[in-house]
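Common to both upcoming complexes is chain A, partnered first by chain B, then by chain C.
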Partner chain A sequence: MSATTLTARRRERVLPPAVTGQELILIGVIALLWVLLALANPGFLAPYSIQNMLWRLAPVGIMAIGMTIIIVTAGIDISIAAILMVCSVTIAKLIAENGWNFWLAVGVSLVIGAALGAINGVLISYGRVPAIIITFGTANLFQFLGLRIFNSKTVNGLPAERGILGPGEGGRFLGLPIAFIIMVVLVAFAWYYLRHFPGGRHFYAIGDDERAAALAGVNVRRRIFLAYLVTGLLVGLAAAITIAGGTSTLDQNVGKGQELVTIAATVIGGTSIMGGRGSVLGAVLGALLVQTVSSGVTQLGWPSQLSNLFVGLFIVVAVGADLIRERRRKAKL
Partner chain B sequence: MSNLTAPPTGQKRSLAADWAARDWKRLLLTNRTVMLVALLVIVVGGFSLLSAAGLLKADYNADYLSAALINLVPLTMLALAQTLVIVSGGGGIDLSVGSIVSLAGMIFGFTYGLWGWPLVPCIIATVLFGACCGLVNGVLVAYLGYPPLIVTLATYYAMWSISLVINGQKPISTKPVQELYALSKAVELPLIGQYLPLVPLGVFIFLIPTLLVVWLIMAKTTYGRRLFAIGTNDVAAAWAGISLPRTRAAAYIGSGAISGLVAVVTVCQFASARPDAGVSGNGMALPAVTVAVLGGVAITGGIGRVAGVGLAALLVVWLNAGILIAIEGNGGTQFQLFALGVILVGSALLNGFTNRRYAGGG
Partner chain C sequence: MKSPLKAVVALAAAGALVLSAGCTARSDTPADDVSTEANTGTETAEFTVAFVPKLQGIPYFEAMNTGGQAAEADIPGLTWLYQGPTEADPAKQADIVRSLIQQKVDVLIVAPNDPDSLAPVLEEAKAAGIKVATADTDAPNSVRDVFVNQATAEGLGTTIAETLATAMGGSGTAAIVSCGETAENLNSWIAVEEATFASQYPDIKLLPTVYAGEDQAKATEMATDLMNANPDLTGLIGQCTTSAPGVAQAVKDAGKIGTVFTTGLGTPQAMLPYLEDGSSSGSVLWDVEGLGYLAAWAGAQLYYGNSFEATQTVGDLQGVTWDAATKTLLLGPPTVFTKDNAAQYDY
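Up next is the complex of A and B:
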């Protein structure tokens, strides 16, 4: 083996490639699907359709950033759907029944999201209990909290002037939904931070080998705590976007199933559930794939529930590809 | 140490030794069965006192508790399904049980309700179908090395989708299916029944046989020992000549088969094969995992007992029944969520604590 390939391999081990194979494949698959869907239904690539899809991508993409960080540390968060519900209903109640300013309510939502995330973080990092069990439990507790805040079946009379984060005309900049732009900025920042800052690399170190990371001087508990806290904060933001796009009433089903959609997007994007590997770029591409499939299934006139079948298949294929690559990588070492 | 002859339940010292030493705290914390019985006494006693004081909307008496057992049937069976899978180790969990219940229920609806097969072949077909769903999970997890959480998430999606599409989202509630409701009525026990409240029939035809079979398999068969072995240390088990994939896949198949049987139970209970039976509300996987963890099943694998899981299910059902009549309006179901969450987090923290303090709480 020549010297240059050796250094190249060493560098690769320190810093993962900017765009992984999985992400390139995802881009290819999404492009292919878009072409096929456009051929089947020319309306699919109409500006309105694309704008709508990008707007709907934003909340899932933003939550997937947090989920990626958590899964990279070999954790998981089942409770984000419940956090989303608590934050959404809080915003809705504050603006519809207490006459608050929308942005003030969003501020409260961010605080609540972060606080609920912090509860998860404390229990997982200091209670030393598997994340899946704790977040299964807190999902129930948060759901209880949300339902108590609801206090009735629905919140009615949400005012219309929350357009900046919404899918409509007022929520666009250069033709792109502002919510989508916010997501892109957050993804870019998280991508750079996770890749180039010591703090970001520590998440990967913890996920790969927690003990080794601790011996190398990483404050493991604080890092894990932060991962859940940041996720809660991001879910608070996603709730603001969800509310901004809703109709005038909010019902108790808000957020239902979002935890599984987010996890699906993250693992389709190539993040290993065992921890230590993954990128936010992949997670967003995974979310876009899921979004494309659900839009496509509806536009082809198939029953909309069929999209879940494809999501399941994509998870199996994506994780399978990742397993094969992981085995090859291990065989090379 | 007795662990050479008995399956490893995590107990380092025997029940009798703790009893003799009058070490109550240790007995309560390390022996999950003792703890659950104590909690059960507290819950039933507490609600009975509230009931006697007239603070509840309805009487919390033996008849009410017995009627509540109808909820015990699916919950315990699914918790046992999770127990098999979680004990098998390797991060074992089965999120797909709810979808299997929905889809297998639709299969039962088709065979019994529409095609008019006789009842017993229908039940067998439904259970076999559930086992096939479990086989998919098992092959992916045990033979191909997929993480269980991800596989069962994917199959949860896929089977949920199929069960909705297969009959155009419509439930099957033809006459034969509706007549099955008789199977979930309450009956009087023979001989001593006149002194006892009526007990739901499902307890005898579905729950007790499942409990017995799972207990026999886990505690009395070679397969059970292999299951505990791979859950405790899969590398050592493999070196000891145990086929890791086959043993682990069988746990998922068992989980699927039990879910298939639960599908029959829910069809009887609703008198209708509903495509969303297993995924509506909070789904079925979450309460089942909660009960298993509360029952002392270690999420890391290798530890768990049928008795603990059964008691935990009973505790949750009677607690929920109490909450339902203690709180006005629809607040009851909300506080049930709260109770379930507190119990799950509390028992997980307790499992961790006893593991560290006493090196292995059963």
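Up next is the complex of A and C:
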């Protein structure tokens, strides 16, 4: 092997391209779908249609940032739907029943989200139990907590003030949903941090080979703990957007299934479920693809169940592609 | 129905019913002895009526629970047990039913998430000597003794279709946002709505029904997508208590109050803000607490082995009818909640 190919490969392995092949494919698929949907139904590209889709993208996209970091470290968090429920009901109760200011309630939600994430983080990084089992357990515990706060009653009479993060007219800046703008800023920051900061690269090192990372001086436990803590914090923010776009009542179904939507978005976006590879840009594209498919199915008047079929196929294809890439990579070494 | 005097009168009436009718048709059941004893006043039998909702924690079933608790206070000896899954999941519901069979409750009333998959579990209950009934949603192909029906599909479907058609001015495009795709009651109402639009409002075009599950956010999303895809859409039906506020919220967010009209099955408290701002033109439902009360009362009748009259008054509920062919107890005609009366109800 010549020296030039060796350096080329080394460079490639240190930093993947800014936009990966899978992300390019996703952009292509989404663009194709949007063109097809627009041709089938001009209403798809109406301003409000696009604004609403971007708004819906925000909570999933924000949670997917955390999920990407976690999956990159070869972990997973299936408790985020339960955290979302606890945070949402907390905000709702504080503003509807205790007359709190919305932003103060959001502050509490962020603290609770971070605290619940920290519980996951401590158990996983210091307990050394597989993340899927721990977060399955905490998901049930958090759900219990949320149901206790609900106390078998819906929260009624949520005020109109929450509109700033909502999908309506009061929640837009220069025509773009404010929630979406917040998501873009967070994604941009996370993308840059994960790619160019040593702290960000450490997450990848852990996912690739935890032992090697530890030997190289990475504080593995602290990094893993941080991944879950940050995810909880982001879920606390997603809860604020969920409340802002919800109805005047909140019931216990809030957040249901969001962990699967978020994991689907992350995996479809090219993050390897084995750890060590992935980007938040891909996760947001994955979320947009899932969003497009479920909207498209409704807008075309197709049976609702087809969106499950398509999302399922995308996940299988994405994971399959990832495994094939992994095998090729191993064969090359 | 809350006064003890009325309860005593009701019990005496029930007793008279047992003494007169019980000896002929049902004289072979041992429960008769218990009921006779209870009604002579020497001893009150203690029995448990368990109700398993589709899921716990949503306003609809909580209101039913409130009604059941009122019946518990009125009917001597009755213990009302309310236990459901935390999500509308057929398997989790079946687990709860099985655990209640283990606890040997006397009467089991279920609002099945999936009637077909629950049927064999109900059979297990019956084999264990438990009286079985359904309420809210029927499991017609099961061993249940009674179905406590809130309203006929006919009555509800027509009222919903008429409320929407009136708001829409009799013409335009409309769509239904339903919830569980296999929910028998929702599907039967949808069938009536479709038939009503087709026969009485031929100028209203109905789009294919979409299913949001019991998920408000999803219902809002789907309603938004339907409005975006069909600019001529002027009517939306939220077919269950989670999608009714969901579709109204979507209309409000889109700034289409007055252009797109909505109706549906919503609880008064949840619908009040939307009824007030005009994003909902009226919410069709029944007296949910009354349904809970009726279910508990029917449970007591089953326990005592009493038969039902063609028409009867149960507590404050008048005109409760019994259809022997389908073994269905019917609460009465539906109620339409508007901005004027919704505030009176506390569920």
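The rule we apply is simple: the second predicted complex is superposed on the first by the 325 of 333 C-alpha atoms of A that agree within 3 Å, B and C clash if a C-alpha of one lies under 4 Å from a C-alpha of the other, contacts with A are read in each partner's own complex, and residues count from 1 in each chain.
Throughout what follows, a residue touches a chain if its C-beta (ideal position, glycine included) is under 8 Å from a C-beta of that chain, and two chains touch if they have at least 3 such contacts.
As the structure is a computational prediction, the values presented were derived from the model and not from experiment.
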Next item on the list: Give one word, clash or fit, describing how chain B and chain C relate on chain A after superposing.
Entry: clash
Next item on the list: Kindly classify A:133 by the partners it touches after superposition: chain B alone (first), chain C alone (second), both, or neither?
Entry: first
Note to self: After the superposition on A, what does A:263 contact: first (chain B), second (chain C), both or neither?
What the structure shows: first
Next item on the list: With the two complexes superposed on chain A, say which partner A:252 touches: chain B (first), chain C (second), both, or neither.
Entry: second
Check: Touching A:307, do we find chain B (first), chain C (second), both, or neither?
Finding: first
Next item on the list: Figure out whether A:168 sits in contact with chain B (first) or chain C (second), or with both, or with neither.
Entry: second
Next item on the list: Check whether A:323 is in contact with chain B, with chain C, with both or with neither, and answer first, second, both or neither.
Entry: first
Item checked: Partner chain in contact with A:143 - chain B first, chain C second, else both or neither -> both
Margin query: Tell me the contact category for A:76 with respect to chain B and chain C: first, second, both or neither.
Written below: first
Check: Between chain B (first) and chain C (second), which does A:41 come into contact with in this model arrangement: first, second, both, or neither?
Finding: second
Note to self: With the touch criterion stated at the top, can you tell me which chain A residues are shared between the chain B interface and the chain C interface?
What the structure shows: 143, 147, 303, 305
Check: Of all residues in chain C, which touch chain A in the complex?
Finding: 55-59, 62, 86-87, 181, 207-208, 210-212, 214-217, 220-222, 224-226, 228-231, 242, 245-246, 248-249, 252-255, 269-270, 272-274
Note to self: Under the stated contact criterion, what part of chain B meets chain A in this complex?
What the structure shows: 93, 140, 144-147, 149-151, 153-162, 164-165, 168-169, 282, 286, 289-290, 293, 299-300, 334-335, 337-338, 340-345, 348-349, 351-352, 356
Notebook entry, point to check: Residues of chain A touching chain B in their complex?
Noted result: 76, 123, 127-130, 132-134, 136-141, 143-144, 147-148, 260, 263-264, 267, 273-274, 303, 305-309, 311-313, 315-316, 319-320, 323
Item checked: chain C-touching residues of chain A, taken from the complex the two chains share -> 41, 43-44, 46, 48-49, 52, 56, 143, 147, 150, 152-154, 156-157, 166-169, 242, 245-249, 251-254, 256-257, 294-295, 298-305
